[in-house]
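Two complexes are shown next, each including chain A; its partner changes from chain B in the first to chain C in the second.
Right after this comes the complex of A and B.
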């Protein structure tokens, strides 16, 4: 067999393998989309062909559930959490690295330890705190616990390491004050890190379920994950409607991910745009 | 860039301010004179019933208002625990729905959450004794029964007929006869009579309650080793599975699929399962329901049992306990009109026995070959033996579930039950 033929076979094999794996990972998404156009009975009978029930399922969602409200609430929660988290955590991470002291290192250990505490253990004291502050059923109560996370602070701290300190020195010499250096030199340079942090935070906030479910006790402020959970809590589950709600709930995170995909990879690997 | 940063900060500020503006109404609406807040799940069923109850009650109390919050049982349970542990009882609604099997556990663990309804005028004698027992702890009543969990045996009549049987052949029978006939039907039609989740405890629990038996003795101690009832229930279960008379599946969806797709010829479960049975409109007129097979030669054995069901609880923190109890009493415990309204629209069946006498309950149901199934189920509901659920009911279910899987895999029954009791005692820290 010639060399070229061997290579062709190799390529063919590689493509077949990759196609099979892609199909495998896309299948659940396909199934979800197909299920959103079918009736429960057909879904349980294992249909894999798009059906004709999409509009009925959509009507059921619009009429039976506060889906527009839930989308809006989820968006407001996720967007404000993301904005606040980016500002606060990047400032903290930047400060840790640039104004380095011994106490900072001790603080870092405390932060790393905090990363290991599962949320379930802090939920009850947190609930008590917010209830006493009169913040039950308040958007602020949903946002506040997740705007400063050890993970994000560490992410920003790590990436600040790759930020050339010469730039800071040069800026100081040019007469910029410390806050301006952060906003005018650091943020524009660290865009990929911000993109990565934004993707992670937005997805986390959008999908956040346990805390909002505990602190929000009315239908008007329900978020998408809460709505999806309610759809599965009935005695008879309408799988078509459920899958449509899951599909709708996935779209915003997919959009955010694809928009920031390139920067996300760069940000995670810690690249600096010069 | 400057503009971008400014815009970002302004946006963040706006969001924060918007968040601050949100009124903290809290879960309880107690301050309003005749407004109640309710937590429950399932819009087509419990929420619908609550809305209808509010309409009926408005005729008596025109200023009455009801705010219903939709929340699944698992999440409701999480919230109850969070509220109880943090001591922030003001976050509770006025009324909330509790699964019957979890009622005793919650009252025993968090008695401060529940208002004692014993001295109010709830007509407990008009409910089946077994459903009242779920929310009775130490002789005190803490709930108003609502959702009927009476167990039914439903059969595909066309498949029975194909094998030469009728519904009468499956009415008032024993488990021995059932297994005999099921084998015959499997041989003639290739269809098993039952299905269930592998390791799922629904059927075992139905079997146990049909004998009034429990995993615990009257003092709440595990009573598994040497419990003749559990042993009998295991024997029936093992016979059903090992003879291929019962198909074991892995998920709830698959379970529904087994009868929607005509893989099995029957169902035994709480009457709420009929909602899923009726989803398959191509099986219209092919189903019939009757009572359960019973254990022969067992004292206290009956043809009746239950699976699930739920009851309304009133929060002790409510500033409107009187109104909340009166509302529940006048509707769920006193209005035939209300039960008629929710029957067809939601398929919600009464535990309140006088409703069974209503004309609407006695109307023939075409899906079930014109049998008035609702009156029939209400009649079943009055005959169910009660059993002890206690604090560790779900833990016991899990332990026994493991045991049945082991026994089916060939382990010795007595040893598996001994292990189950040891595990349960460990969980109970005994």
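Right after this comes the complex of A and C.
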């Protein structure tokens, strides 16, 4: 076979493979969106075309479930976790790299150890502790365990390596104190890293299921993943309604993903390079 | 106070909030969990067990736990290699600058990561239900004569979980590889091509060795994640049929919050999970660091 023919087959294979994988990746999401506009009967018949039941399914959710409350709770949890985590972890990652180059390796071991602790190990004592503090069902109890994560600290530490130290020296000579160097020089320069961290944290917090399920017992404080999980509890599942709830709980993370996609890739690249 | 000392103190101030939070939310609970793992009783009434290792002794005679352990390792050994190799191949293909629709492919493959674990579990549960889309389609095309109950047969239910996991996480790992590939100098590939290396050779001799640190990172992350699986077992199969797909974390949840509040036994289980995570990570770091 000639070289050119070989190459052509290679290219054809590559496009076919990538298209097939892309289709398989999108199909379940497309199917979910279509199902949210259909009745259970039609979904079970295997329909792949959008139907007309969207509003009925929505009404069913609004009347039968605390969906607005769950959306609001999920949003409050995810937004406050993200804000707190970004500030606390980037302060630490920056402090690590700028001031403590000597202790770096020792701290790295501590962080890696913390990263190895499964949530299953800390869950029960955390539950007992928050119960004692009277914080069951409280937003604070939902967010506190996930605002200081070794992974984010490492991400910020790695990215800080690409932050030019000359800027810090120059700012010091200009009389800026250390904390304003961080807020006025570091944060604006490291936008891609913050975007990556924000995407990861927001999605993680929005999608978190196990811990909210343990710490939240009343319907008022229920989050979206909890609501979705509860929809199959009955004897007969209304698939259209279930898929609409799935769709609604997916929209916010998809929006965050599309808004920050580009900087997300940049941020990860910066971190991986260091 | 001299300048050096002041800088040093400032540095600690930067670290303080994060360090306090990690101690309060990770290390302290871990220590408590360790103490709890030697105690028996339910809920708030706990006392030290006689003998002290009562809970640990019970674990390895516990059929459900052994089943859960096997399930976790089954997922780990089958799903993680398939997913990571697929992610590497996809990343290599997408790293080609002349490829058309690159952004489109990348977005499509990464999109599953935007769905929550509960959501995608529900999607796959519905797709693979007895009267679900997959069965309808397979019967219509003629591959199956009658619908097959994927989720009530343990072997097929485990495979559904594996398919779901691959669907959800391949794109995520691909992004890490893509990031790593962008840092590899293109000239290395050009030089190898001039020397007559084909695509397979380029992949095994250049891509894989140069991406080694990132591959190691993804292996550790995936192992860690797989040993802690919960949402899929809980929502996709409810651990069934007859604990055939249950994971260790799911069993731990049942022990502490569903059957009875047996926090001592649950803590012992959690320490078994943790030692496995730690041992596997250490082995992987040792193997992966060789150059």
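Observations on the model:
One rule holds for everything that comes next: the second predicted complex is superposed on the first by the 245 of 274 C-alpha atoms of A that agree within 3 Å, B and C clash if a C-alpha of one lies under 4 Å from a C-alpha of the other, contacts with A are read in each partner's own complex, and residues count from 1 in each chain.
Heads up, the rule we're going with is that a residue touches a chain if its C-beta (ideal position, glycine included) is under 8 Å from a C-beta of that chain, and two chains touch if they have at least 3 such contacts.
The model shown is predicted, which means the values in this text are computed figures rather than measured ones.
Per the definitions stated earlier, placing chain B and chain C onto a shared chain A by superposition produces a clash between them.
Of the two partner chains, chain C is the only one that A:122 touches; chain B does not reach it. More residues of chain A lie in touch with C than with the remaining chain of the pair chain B and chain C. When the two structures are aligned on the shared chain, A:233 is found in touch with chain B, with no touch to chain C.
In the superposed pair of complexes, A:64 makes contact with chain B only, with no contact to chain C. When the two complexes are overlaid on their common chain A, residue A:183 makes contact with chain B while staying clear of chain C.
When the shared chain is aligned, chain B comes close enough to touch A:138, but chain C does not.
Contacts of A:206 after superposition: chain C is touched, whereas chain B is not reached.
When both complexes are overlaid on chain A, the residue A:217 reaches chain B alone and has no touch with chain C.
In the superposition on chain A, A:2 contacts neither chain B nor chain C.
Of all the stretches 135-143, 171-179, 243-251 or 279-287 given for chain B, the clashing one with respect to chain C is 243-251. For the contact definition in use here, the residues of chain A common to its chain B contact set and its chain C contact set are 44-46, 123-125, 128, 210, 214, 226, 229, 232, 239. Residues 1-2, 5, 8-9, 11-12, 15-16, 18-20, 22-27, 39, 41-45, 67-75, 78-79, 82-83, 85-88, 90-91, 93, 253-254, 256-257, 260-261, 272, 275-276, 279-281 of chain B touch chain A in their complex.
Across the interface of their complex, chain A is touched by residues 7-8, 10-15, 17-19, 21-22, 25-30, 32-33, 36, 44, 86, 90, 93-94, 96, 99, 104-105, 107-120, 122-127, 131-133, 136-137, 140, 167, 171, 175-176, 178-180, 182-183, 199, 214, 224, 227-228, 230-231, 234-235, 248-249, 252-253, 256-257, 263, 266-267, 269-271, 273-274, 277-278, 281 of chain C. Against chain B, the residues of chain A that register as touching in their complex are 40-41, 44-46, 64-65, 76, 79-80, 83-84, 87, 123-125, 127-128, 131-132, 134-140, 143, 183-184, 187-188, 210, 213-214, 217-219, 221-222, 226, 229-230, 232-236, 239.
Per the touch definition, chain A reaches chain C in the complex via residues 10, 14, 17-19, 21-26, 28-29, 31-32, 35, 43-46, 88-89, 91-92, 94-96, 98-100, 114-126, 128-129, 144-145, 147-148, 150, 153, 178, 182, 203, 206-207, 209-210, 214, 224-226, 228-229, 231-232, 237, 239, 242-243, 246, 249-250, 253-254, 256-257, 261, 264-265, 268-269, 271-273.
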